[in-house]
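Labels run A, B, C and D following the written order; every chain starts at residue 1.
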């Protein structure tokens, strides 16, 4: 009467910090600060139906594997780490046909000449999702989260339809702010990962800053389009852009003008614009967004 | 060279509190406390490509509509509210072919005989997602979030494979705790919504409490299966169950035994078990999970 | 040229869950779910000035002590637990003259007849702060956090001064909601702790519900006054009440009346009312609020 | 039988963003992004006892005043803003004898040559608390929050006392990380505010990086001492330093060495070190920490 559908399991939010020690006294240490989540799927009906765990690699083991691989692989790029880890699970566990590794990387910046002191940079989180399927192959998604950007001008919103519930006036010069959540799909599971990330981030920031915006949708398309166009390794970008509304405060009751100077930063509700931009020749996404 | 892919936009997290006033002095008020998010999609290429907003119903208007409908519809069930609101957007906006309304409901309980005083109940959040597509019809998903449950016994985890990274011993009597995130798909866009929610919640709690668990996957399947079996209006359940690990503290260094008495409640990492249970005759999901 | 001033250190947020197992099969388990923070102070200049740790009981040891005491003391009230733990640190560490133990307790409710299944209650957090000083004695503070309450009517705010920046109209019937943060000082370090907590909570809820309020300050005073008056063990109450504004939505642009039916629940900014109510014969607070 | 004790009230978390527009085309805009909280106290017994609000400047009015002053004062330093605002409330409201203004400032960095595009910097929050009392005068506290720093080496913790609950081994080379919460008291209500903040931050970071640490207490004292010593305008520093534990992962079960390379970043519990460092000639704090 009932059946088991899609399922997966794993260890979420394994916090691993890896240090590559300076080769010589006076040199500089390097750190990788990651939040790693693993998900496995395959022939797992038994544990669901009868509690037979003979195919269930413990999530505790998955956690241990993350730490062991952090040691074995050293301070590599998170995409490369995810690919190795996903392959390991699929190759070594006969019941597991698919593995998904999601990594958040928190950047740090040196704070002095000591070579061993750092401050968390805080401006954004770099993200990676790697999926390997024993039949369908591998995919890599990069991305960025928590990047808050703002234009003080160069943004309008007008010409929208007016129905019986519409009270918003046209805005010919508004502040535009958003917290960027972007994920980009790579054409192949092989690239200069650091360079791709930096190029995508640069394209994103430049597109946001330089696009005169008639709608946040237009800014979204410009960002996605510029990333796909300027980073050949990327074939698709998915964006979720909350409109962090900054409303001009009405100071007229106090006898004051407000020439786009003083704003109220609202929390909720917020507009939420979601969209995808693809290269015309983007290969099928397959399991990438699983 | 690039193209626009799937997209949608709307107003997220419109916080509306609706009061149905007591009919007579001395009677009892009733409140609905909702967090409503709207998403619309359709023929929206123009705003993305050129900034032409002539088809973009402002998210501010969507917010206003939520409030106006809260007045017009009164204190109805959130599923019924979502259906009316989705239909409104699809019916009145020619460019909009699909609307998705997501609602979180926060329950309150009376705190006295005054009839107008309440305390937030706090035990869980009720969720609703309604989708209407002008061609593909309507769907309703109910659910529950933030429901934390715990069994002090009646749970094992053993018999799992042991590889070179496995250190976890078999557990023959462990504490099992999870924060339930469940979403259930309704067979039709018409039901006794309050009764369905209560029945699904009751089945969920009973299954968690009464299933002797050899794995959290087994508990997941039992929960999903019992909901589908006991609530005929529901044809599919999707669950995400974080394993909120409670580790037995090793008190041996202090000369103390720990006969399953003192536990450490861990934050991260946590196991994460995700799975779907369907009725054998579940209709195709269509746009439900969009 | 510089000197060390007041200081303390400890282990924060030790998450301990303690189970008192049913005495017989078919009986009911009981659980205590605590977040314990310890702070010690005394003759600690050496570690600050020279890194000499010979007087610094490790915070890891403090954590271990929490767990060991949870075993030794069993499922007692958190006030009693804090008193034992504070005494232990002051009595056994010659350099430590003062200990402060803060405990958050998360209530759970049984979810079935199994005797071992629970759901987190979610309505509030119970708090305790115990301080013991080798010279100044002991104090106990109880409290409640995260308790959200709301009156749909019975609240006004009017008659306030109007200056050049005042735009708020008088409100003769408003919704009043707050998240109660209350801490009450006990007259002595000995009481029926569970009864005191229940009595204080009951007085708080009754005062909130039954006070016709002309200002949130008035509600604050009524709450504090009723707790002190009805619970003789309590001599002082400190309250922080954020005014969780619920603004009536203006539906007139849509041709709709809003007879106190539809509200917008705002996040920020919020009014914040803080105040203390004391018994006339309250003893000096001494170290209680340290 | 009961009496009203200390009390205050105000508007919390007024989010104001102020833009100073570039003087000429092609110039650069500047922004101030603040979260402002006001608290007033004085002769406020009436509203508590009888609901007479004739002395209660509405918190809504306080919010309006924040916005009006943001316009009038332009993009000044937050300390200067707080001083003006506090004075206004004390000077204009006869019942109000004391005002406290707390400001969080979120820094932004330009992201391009447009002159109007910014990204939130994210590394820390700058804080200000200004208090003015009609009799006791004025005080200014500056500070920093959310600044996460880490030393990969140069930190020990050993030589601590060992009691029956101690299991922690000596650590001769550990990772040390903390989220700095610092507040510094100014000698006077007049200074080069931006320069003081930058100097204090620089001293803080340098002290953290360059102090070989035998305990986090020692690092705390070094930070406080260096700030007081190098910034003559500052007479007192209060620090709260959570020890964000990074534990070395035991890789021996996997046949791997871990030469201080792979760490587990723990969430809870955490050590919490709190302390004050003062100049020997620091004036009395008075109302500063109210």
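Following the convention adopted for this analysis, a residue touches a chain if its C-beta (ideal position, glycine included) is under 8 Å from a C-beta of that chain, and two chains touch if they have at least 3 such contacts.
Given the structure is predicted, the values throughout are model-derived calculations rather than measurements.
The rotation relating subunit A to subunit B, fitted on Cα atoms, amounts to 180°, rounded to the nearest 5.
Set side by side, the interfaces C-D and A-C show unequal numbers of C-beta pairs in contact, with more at C-D. We define each chain's centre as the mean of its Cα atoms; on that basis subunit C and subunit D are separated by 24 Å. Subunit A and subunit C have centres, each the mean of its CA atoms, that are 38 Å apart.
For subunit B, the set of residues touching two or more other chains reads 15, 64, 68, 165, 167, 253-254, 267-268. Listed in rising order, the residues of subunit A touching subunit B in the complex are 1-15, 37, 39, 44, 47-61, 63-65, 68, 92-93, 156-163, 165-168, 213-218, 220-221, 224-225, 228-229, 236, 242-243, 268-280. Those residues of subunit D lying in contact with subunit B across their complex are 164-165, 167, 253-255, 267-268. Against subunit B, the residues of subunit C that register as touching in their complex are 15-21, 29, 31, 33, 64, 67-68, 70-72, 74, 108-109, 111-112, 114, 116-124, 146-154, 175, 205-206, 208-210, 246, 249, 251, 253-254, 256, 258-267.
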